[in-house]
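Letters A, B and C name the chains as they come in the text, with residue numbers starting at 1 for each one.
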Amino acid sequence: MELSRRRFLGGVAAGSVLAASSGLPRLAAADEVLKVGIIHQGAISDTGWEYYQAAARLALEAAYPGRVETTVIENILQNQDAERLFRQLASQGHKLLFGTTFSHYASLKKLAPTVKSAHFECCAGITASDNLGIFEARHYEGTYVTGIAAGRMTKSNILGWVGAFPVPQVTYSVNAFMLGARSVNPDAVVKIVWTNAWVDSAKEKDAVAALVAQGADVISGSPNTPVQGLAAEEKGVWAIGSTGDFSNYVKKAQLTSFVLDWSPAYLEAAKAVMEGTWEPKTRWRGLGESGFVKMATHSPELPESVLKEMQAAEQAIAAGKLHPFSGPINDQNGTQRVAAGSTIPDDDLRGMNWLVEGVQGQLGG
Amino acid sequence: MTDAIVSMLVVTLVAGTPLLYAALGELVTERSGVLNLGVEGTMLTGGIAGFIVTFITGNVWLGVGAAMLAGAAMSLLFAIITISLKANQVAAGLALTIFGTGLSSFAGKEYVGRSVVLEPSSLTTALGQVPVVGVLLGKLHPLVWLSWILLAAVCYFVYRTRSGLILRSIGESPSSAYAIGFPVISIRYLATLFGGAMAGIGGAYVSVIYAALWTEGLTAGRGWIAVALVVFATWRPERVLLGAYLFGGVTSMQLFAQGAGFPVPPELMSATPYLATILVLVLISRDAALIRLNVPVSLGKPFHADA
Amino acid sequence: MVLPFRFEPRPKPSPVMVYLSPLMALAATGVLALVLFAAMGLDPVSALVVFVTAPFADLYSIGEIFIKAAPLILIAVGLAVGFRAGVWNIGAEGQLTVGVIAGGALALTYGSTGSGLLLPAMVVAGAIGGFLWAAIPAFLRTRFNANEILVSLMLNYVAALWLSYLIFGPWRDPAGFNFPQSEPLAPAALFPIIVEGTRLNASVFIALAAVILGWLVMARSFVGFQLDVTGMAGSAARFAGFSTRRMVWIGMLAGGVAAGIAGVGEIAGPLGQIFPTASPGYGYTAIIVAFLGRLNPIGILFAGLLMSLLYMSGDAAQMLLGMPSSTTALFQGTLFFLLLACDVLINYRIRYVPGVRVRQEAAT
């Protein structure tokens, strides 16, 4: 799309005067570069949470070559430091800032209303607020589909879940995993072992060993590294690439996987800032077009029939016809939590703190 | 059922092995009178060195060799500062830990989250064929039972050789040893380097075999537990074995306990190795006589040849 | 290796070197920084200039220097009291965490009352929390001879797990959709900001007070004298009737109280909320600050500011120079090491002795 530069500049210049007077950050010229700042809590590697954030950033750079300049900061663990750095990035002319983890949400919520020169987006935040948009993935849609594969392929009917922290994102993920498995195999159960860490390879390995010792033959969790998959492979059981595809490392034992694709959020936010139309949005998406959850791989050993079941579920979820948490659903104590014929409201999912029937283990704490 | 027991044994042995290497090394160092608190930093440096070399070459033993060199290099720095420059050993040990942690993070930047995938060693597969014990040995990397051989060697060296006697005498009374003509400085250097090399192996075991992956701060305090183990063992190598597996076991068992359905909060379970260390330290240390009998008298004090 | 240099003990420690040594170590670290920048492909001099000047970019950034230095200085003063006496409190991190727990408990329970007494009460609670957590290694050392380094260190991990348990459990923000954080602290529980446009709050005054108090105790009080003697010559101290036990208690508790208050400073300051990790490792960095400041409160004041600058510069290095995040930790560790190396010149001087062959074993 070729626009005459002079005309475009003329039009934009007028608009930018308006924009400047209304205090909105806006690109004044077609060739002005949008500076985007991204802060990572951990280090970017070739798998895991930070990798997928970085992948989205790369997609952004590829979509707007020469028009977007990114500054990336890694390993900012503490909120005090994150708050300072977001502010400093804003004062250095970055107009769009991304927080990449739930831990940034508190700082950004405080900071965003006071910094008018930039717009903020936070991944895994709770709800959008003044000058702060959030985007989060409906992980449970992905885990539900992988649950179908697990339910069909398990021989012992015992599935294992390596739990990182008992937060809602993990809780609804393991619940959906159970529900997906039970949708094809009503006898399946899920055992949970908590490692209390997002990454602790030694513990994750031992956790897999503990689950296998209890009879689990399909292992899932929220792996950020191939360790769980490799440990499962070593023990001769299946591993699920839940929120990540590790088939580069786990060559034989990865049954199926889904990945997180944040690029729609990055791209939409950047486009909106460039056009001056940015407003705080809450983007909570799963499978489907412009979604953040994408089914990725499946093992050649997965039977065609199971694959078809998974794909059918995937399409139904993407089309809004199937909700993984459709009633009747009981919790571990047998109390009904979701009535027959209804689905669970989003807010209940966001704050989920109970485990469904069939999951063995506690929420800890 | 036997599968579960074998599994638990394997996990305990695996968890205890890095502790065993690091503690044995520190024991020898402390026997010469040098207190090296930098074990954590040394383990991390050895860990990243071993990881990088194994990642690039695909050969575990090259990685272990690199880890030993890295560990020895770190402890050489420490030795220069404390033995030759006579700096305070506690402060220098802390500095080594902080420096080693930073250095390993820096060097490991490109490798965070990467994994090494190793073929099971041919030795291990061969041993797996042995009746009865093969079930266990077939699941363990050679470094595990090499640590047992190391333990035996250290015991033999410390108690049954003349060099071991010299080492101990230097730890007890360096000035007397010096007067007799023993090379106090050289032996302290060697003992410290040995300790560093062993800590390096321990770190590499964690990064290359146990976790098979690199993340920052991978050793999670194991270096400190190793130092505590030396006290726990009252500076006797044979007791280090017991301590290492006890602690290794406590660390891993809490996950098995969870799996079996024990309703204890996971944080409390995770705290058990640290609480156990404190408990053990108290029990061992309260008998002041026991400590006085066993601790190398000159531990932590710089040696002045002309004092 | 035979070099024509010899270390000669000085008749008495050189006071000049005591203060020159940290500067030498700093200069040496600067040289290493230049080497590192060059190795990473940057123009070393301009990179160093950016590294050094970036923290002063604007008022907000300058405020940040002070707000980061305050807890470091506070804790280091407390630790120095113990270090002088040979009491090694490595547990400041855990004591800070327990300070967070104690102050946080008050804030969460009474925040809504809006009482003006809440904040002072939180500070006191934090002090008591740190005090009690430091009392454990002190007790185990005086009663059972257990090494305080190891006990206090292990307690760091235990304290972190305790806080984690609280945040994931009873203290979870009821409006936070079960995310692991406490509810935001009520305004009555926060330190007031003293410079508009920054995050600089009143807790810096506590750090200043600690420096003054620390100086008074160490330079001017009998207790300070006792601590020094105990550290320098334990048997002489005992001979003089100074109780080693008392020194251990004072040494540990000073650090504990300081760390506990610093913990409250974090949650009632830049954090404004309680998270499973409240401290970015201040308990460990404060050890470096204590040594860098020569265990002297005035020196610690400067050392704390320097260390804070290093943090800021490290962040700037990531932001503006593309350096990896571990730059800060690497520089801090290197500085500490070089400091210890340069410190040898306090007690020894280097003599050039050409033509003299010295045997390795007989060299001092």
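As a working rule, a residue touches a chain if its C-beta (ideal position, glycine included) is under 8 Å from a C-beta of that chain, and two chains touch if they have at least 3 such contacts.
This one's a predicted model, so the numbers in the text were calculated from it and none came from an experiment.
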Sorted by contact pairs, first entry is B-C
Per mean C-alpha coordinates, the chain lying farthest from chain B is A
Please report how many Å separate the Cα centroid of chain A from that of chain C, as a whole number. 37
Using the average of all C-alpha atoms in each chain as its centre, how far is it in Å between chain B and chain C? 28
Per the C-alpha means, the centres of chain A and chain B lie apart by a whole-Å value of 39
Where chain A touches two or more other chains at once, by residue number: 43, 75, 196, 364-365
Give me the residue numbers in chain C that touch at least two other chains, ranges are fine. 161, 164-165, 168-169, 324-326
In chain B, which residues are in touch with two or more of the other chains? 109, 216, 265, 267, 270
Residue set of chain A touching chain B in the complex reads 42-48, 50-51, 75, 191-196, 199-203, 205-207, 209-214, 224-227, 230, 249, 360-362, 364-365
Would you pull the chain B residues touching chain A in the complex into a rising list? 3-4, 7-8, 10-11, 15, 109, 111-115, 117, 206, 210-213, 215-216, 218, 220, 251-252, 255-256, 258-261, 263, 265-267, 270
Report the residues of chain A in contact with chain C in the complex, numbered from low to high. 43, 71, 73-81, 83-85, 87-89, 91-92, 102-103, 105-106, 110, 126, 165-168, 171, 196, 347, 350-353, 364-365
Quick check: in the complex, which residue numbers of chain C touch chain B? 7, 9, 88, 90, 140, 143-147, 149-151, 153-155, 157-158, 161-162, 164-165, 168-169, 284, 287-288, 291, 324-334, 336-337, 339-341, 343-344, 347-348, 360-364
Would you tell me which residues of chain C are touching chain A in their complex? 57-58, 60-61, 64, 68, 161, 164-165, 168-169, 176-181, 184, 199, 266, 270-273, 275, 277, 279-280, 315, 318-319, 324-326
